[in-house]
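Below, each structure is written out as structure tokens.
Both complexes shown next keep chain A, but they swap its partner, so chain B is in the first and chain C is in the second.
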Partner chain A sequence: MTARESFPRLLLAEWTKLRSVSRWVITLLGAAALTIGLSYLAASGNKTNINEHADFVSGPHGEPVADAFYFVHQQITGDTTLTVRVASLTPEPARRAVRMGSDQMTKLEDPSPFAQPAAGIMIKDGTQPGSSYASVMLTAAQGVHMQWDFDADRKGSARSGARWLRLVRSGNTITGYESADGAAWQKIGTATPKNLPSTVEIGFYVSSPAAVYTTRGGGSSSVGDRPTSAQAAFDNVQLGSGGTWHGESIGDNDRLSEKGGVRGGGRVTEANGTYTVVGTGKIGPQPPDDDMLEAALIGVIAGLMALIAIGVLYATSEYRRGMIRTTFAATPRRGRVLAAKAIVLGTTSFLVGLVGVVGSFLLAIPILRKQGFTPPGFPRPSLMDDSVLRTLLLTAAFMAGVAVVGLAIGVLLRHSAAAITITIVLVLGPLIVGMILPGTSPKWLMYTTLAGGMATQRAKPPTITLAEPWAMIGPWAGIGVVAAWVAVTLGLAWWQLRTRDA
Partner chain B sequence: MEPRIEVRALRKRYRTTVAVDGLSFTVRAGEVTGFVGPNGAGKSTTMRLILGLDSPDEGDALVNGHPYRSLRTPLRQVGALLDASALHPGRRARDHLLWLAHSNGIGKRRVSEVLDQVGLASAARRRAGGFSLGMQQRLGIAAALLGDPPVLMFDEPANGLDPDGIVWIRGLMRSLAAEGRAVLVSSHLMGELEDTADHLIAVGRGRLIADTSVAKLLAAASKDRVEVATAQRAEATTVLANAGATVTVAGPETVVVEGLPGDRVSALLTEAAIPFSELRRHRASLEEAYMDLTRGAIEFAPETGAPATERSVR
Partner chain C sequence: MMAPRPLRALRAEWTKLRTLPSTGWLMLLAIAGTVSLGCAITGSLEYAHCESPCTLDLTKLSLAGVRLGQVGIVVLAVLTVTAEYSTRTIQPTLVAVPRRLLVVLGKLGVLAVLGVATGVLAVAGSLTAGRTMLPGNGFTAAHGFPALSLADDLTRRAAIGTVLYIGLITLLGAGLGLLLRDTAGALTGAFALLYGSPIVAMFVSDPRWQHRIDRFSPMDAGLTIQSTRNLAAEHIGPWAGLGVLSLYAAAAVIAGLIAFQLRDAG
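What follows is the complex of A and B.
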């Protein structure tokens, strides 16, 4: 025999099978159309007024940020150096659970370095909330950090207790240092904030983010917060050209004080060169948990149903009239047939899914923008954003993965209706159960079932503050769960093909 | 090596039924080998075992010296028609052959060639689901021919074919064998193999009953039989039967005499003054020969609960 078997030719054979049944081609096109169509409809009915009562402002890059703290500052022009010793930092203890209205709510632990009570020093482009800054701080539980412009963070030493901090401005760069004794200094990082005019505000501050309490389950979720405060003592304050220190609450702390926070947003008292500062508020990213991209991709679930049907039929049609014998007579190595089928179906479904999600994005985003999804709460997403690209590609991969699971289940069951039903239940069942289950309990469901793949649709980090259970896990975990399902079901199908008579 | 199929001590059991029970035979090149037996005798199972679709419990089947499952481009070595309806009804005839061709690295041009060869060129762009049984059969044969293989297997190829089609497929099989290929054709209708098969493998209940050349089989079945054409059938029967022959009625004016040589029959009839218009050696039909062969050798009665066995009736 001159010709050798080759896997690419097997792929071509399976592709020929897939494309030559016109009903399937129509269904594939339909999957993309369903995705786009439902996304469009859902976007049309989705409105938000989140920007009207916001606890965030626009940051230097247009993103939603929180910018509230108590700042003891003075104006300074040109290059400068500020050194202080944070003698102590005492955060107010927050309760682990509170009752708000009729809901028993638990405290949301946020490990972000932006969400810690902190005492530090800062150089800031004025006192307008949302303006550029760079700071070095001692946090209550995470040691020393340097941060700037609400999203950049450099970790310093993990020490707690009294710490010397220093900021040095030189032209457009600000360098942060820390020290245990005020003599031996370690550099933490160098920042170039977006806007740094020659005249800036410089000083020391205390921040203490509100404690967030949440409850979810029964198909809904609610979130509430309670302001907290922290107290810190600063001494050894040294600024090149000493002016007068002036204490001021930055940001909208009136609202916080109404709810039992620190009156006036904080205060400062001075005795023998030691400044005792009480502050409240958060400095850092403050995106709404709602995900604009997820809101633009509602139709994925519809496209998914069509792709499941294709995946299953691509397998079961081989069995309905015994064509599987023709297939295995042509290619006796059954594992290769299964691999070729999975690759052809997976690639096709991925491309169909990609058309669906990109189409949804292009169509639904402009509609959402007309209906309140605007900055600062929702910066305009672009196809070129990393998070948008990741979301669209992973969502298409999720759709392809589920189609391949449908294929494997079709091989295992050899029965179209049963296989389609089971695959759909595998996706939708855990979603429904996860909506109802309270608190973080649906997390394990998302980590173990195909429903976890829905997490690929989120561009934002995981959160437990939303009703949808898939928001609890990250997109990579979501696609990982789907990949595991693909591997396990294909493995079972392969094993069965090898051992069973055709 | 010369194309051939070897089946050695093959045994296959499905739950309680032994479908193939220690079957051994060889299909040789340059011959059409008929594979006969009643429905349920294990013919299709044997073919599936040869194609590696089912796994035997014991024994093995080799195609050109290799187990089928070890072949990398099997369509170029063995063409098989098992079940003509085993295709996707929504797929066009041409596409059905095209994916098969791709899977074994066979060129597109060959697809058009075999479609021409089986007379489906004009239906190439029609969906196979709309085909008549005969057209599906032709498409299945086209698929078998696709890889131009030296070994061919057809399971009941005449199913659903019209008389023209039956003549065509006989000619096709003869010419395939004449080209030196090994051809295995199963049938439960002996008549289909008349004038087609060179060799016969008869099975019943999964066991081998006969493995013989058709020429020998017919000679044996025709031996010592004489056909007599006479208007006085009853008288002739009496005379010959009294002389110890077995006489069977074969037509309104024809009897077949078994157990007496031709010259003795002629003498007896002349002696009894019974006129006869013709006296010739009887040439047995394949069906008759097969019935002789299997008489007593197998029970055609179905196993309890199984549907009644179809028997060839012509």
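What follows is the complex of A and C.
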């Protein structure tokens, strides 16, 4: 028999072993049922009132956004061109650590281009917070950017210092340009904001996002922010028609000025054609850190335990019953047996996990929506969203990966109790320890242990503002850690199978 | 002259456990796990980094290693029961001692003694480590942190409670083993019971539900007795928390006993 013929047969043989033990089949079905059941039960334990005292508004696509800045603007109808020179931009220095209440908090550095102090020009659908816009801006540390509708960003040159900026509206498109001298212009990008009526507000603005401070550890986390302001000078302001400029703070700045921000949200003064503007606030996406999808997948931890038990037993029961000698007599090449086992177990666990997470999603999301997880803070997730699909598939892959690690550890140790204990501790131990450790230190535990795979359950980007340690790393990093464990433990198991008597 | 039957059953179980090399190793693992995680936590604390007023509960932190160390004792308890089934030793055992209640009581008695002995060593090690290391990190009497001492009522209660906690965890594991007769199932069940709830509590944002989970989960409720500061913030009283854990242990042991009485020894 050639190798090509025998491997599918080997897969079939291993699949028959797995499916003919009725206890395992029940446990596999139980893993899916446990996942769905615990998710369903625990969903009613999650409640949020974030929409009631929100610091965000609904953007043009219904997503939660921040829209606060100081805008010097006038109304204009039809196609138009606005050119200014940003002569200077001076952000307010923010302290790295502050005390709020009884907590010592450190500043959260946010590299997002939407989280930088900026001075720029903007075309906006009225002055209502959350309305469509397109803008070109000079940021304090990241050069020139063009942004629109709170999520689109094009990078311009990385220059700092004085910069000429220009926005050209032609019909439904807005094109952004920059220049060093006002003569040679480089195009940055073209925007088509969602709502752009013929009459819009146009002008120049300054924004400066609040500095966010966090502390975590001991099983909890807290977040606070302090408003900051920035000052910029604009000169060579050229607009096709010559109306009068009118300064206005956009967004809810009463809240900001209360906490020690700029009174009234900012100001503008003019001398010899140079406008000096002070502004505060952020323009950009502002999703809450809490993750609705993660809240809907709580049961994964229960299903995972059952899959670990199956994975380990799938290896150790062959040793306990002496079955392994028959197996190796039938297929003397031991590496292939291990590969077949890993493929059969991995595929089965992936499918079981997928049934579990999709079922959890379908059952738990409606409950969460009743408990306050509603727009604008939490747009309704759909199975077709990229982030939802990624989360569900990666979570199922995480469950399958952990089951295969259980199999490999089972082969290595040949002892059910030890292998189950070690695999469970590898997943759960770092979570327990990570909750206690302060600051960002648990990040390294997440990068090195199977617990990092929990990060696959988050649909949102990593954050250190939450108590759960796995929120610190991204989902791809999480699945990467699991894949590395699968590779290393399977490698060790293969090496040991070759060198040790059965 | 032969000793009375219950004593003989006890001695037989003791001999079985004593002669297994894994017993000693697992007890050592439990003690080493507890003491080393406790050392890692107390070693990372610095008075200089603690904001005043510093309200760290040093007794609780020193003893926190039990959350990891209990793994060893759970494995010991489960294996003591289930290994007899996988090796079929259970049949000669029942031939020698036909009264099943005696067999189970013998096992539970020996396990409880081993559990408590492990607990005493682990707690003594953790507190000694805390007592030696903490003053070096600035936690001195001058700063309002007298050295950990059993003379202090609350610390003594935490120490005794932790020893009892380990004893009860041993019984819980043995009960699950009797009930399920299967190493993998009993271990998975025991770990899910102990570690599942604190992880679910991390996901849950509703404080009422967090309160419920902390009140009724065996590990969190049972370890409330380690608290020596800010007791009002705990979700359940110290002894009531151990009570919750003993209910779990009793339920597992009783269900296991009934199953053991009724079922054939396969």
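By our rule, the second predicted complex is superposed on the first by the 497 of 502 C-alpha atoms of A that agree within 3 Å, B and C clash if a C-alpha of one lies under 4 Å from a C-alpha of the other, contacts with A are read in each partner's own complex, and residues count from 1 in each chain.
What we mean here is this: a residue touches a chain if its C-beta (ideal position, glycine included) is under 8 Å from a C-beta of that chain, and two chains touch if they have at least 3 such contacts.
Remember, predicted model here, so these are calculated numbers, not experimental data.
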- Message: Do chain B and chain C fit side by side on chain A in the superposed arrangement, or is it a clash?
- Response: fit
- Item | Inter-chain angle, chain B to chain C through the CA centre of chain A, in degrees rounded to a multiple of 10 | 50
- Message: Looking only at chain A, is it chain B or chain C that touches more of its residues?
- Response: C
- Query: So, A:38: does it touch chain B (first), chain C (second), both, or neither?
  - Reply: second
- Query: If you stack the two complexes on chain A, which partner ends up touching A:325: first (chain B), second (chain C), both, or neither?
  - Reply: first
- Message: With both complexes superposed on chain A, which partner does A:305 reach: first (chain B), second (chain C), both or neither?
- Response: second
- Message: By the touch definition at the top of the document, which applies to A:13: first (chain B), second (chain C), both, or neither?
- Response: first
- Once superposed, minimum distance in angstrom between C-alpha atoms of chain B and those of chain C? 10
- chain A partner, complex, touching residues on chain C are 37, 41, 44, 51, 53, 64, 67-68, 71, 74-75, 78-79, 86, 183-185, 187-188, 191-192, 195-196, 198-200, 202-206, 208-210, 213
- Enumerate the contact residues on chain B facing chain A in the complex. 48, 51-55, 68-77, 80, 82-83, 85-92, 95-96, 98-100, 102-106, 143
- The answer for chain A against chain C in the complex is residues 38, 42, 44-48, 99, 102-104, 219, 290, 294-295, 298, 301-302, 305-306, 308-309, 312-313, 320, 371, 416-418, 420-421, 424-425, 428-429, 431-433, 435-437, 467-468
- Please give the residue numbers of chain A that touch chain B in the complex, ascending. 1, 3-6, 9-10, 12-14, 16-17, 20-24, 317, 321-323, 325-333, 501-502
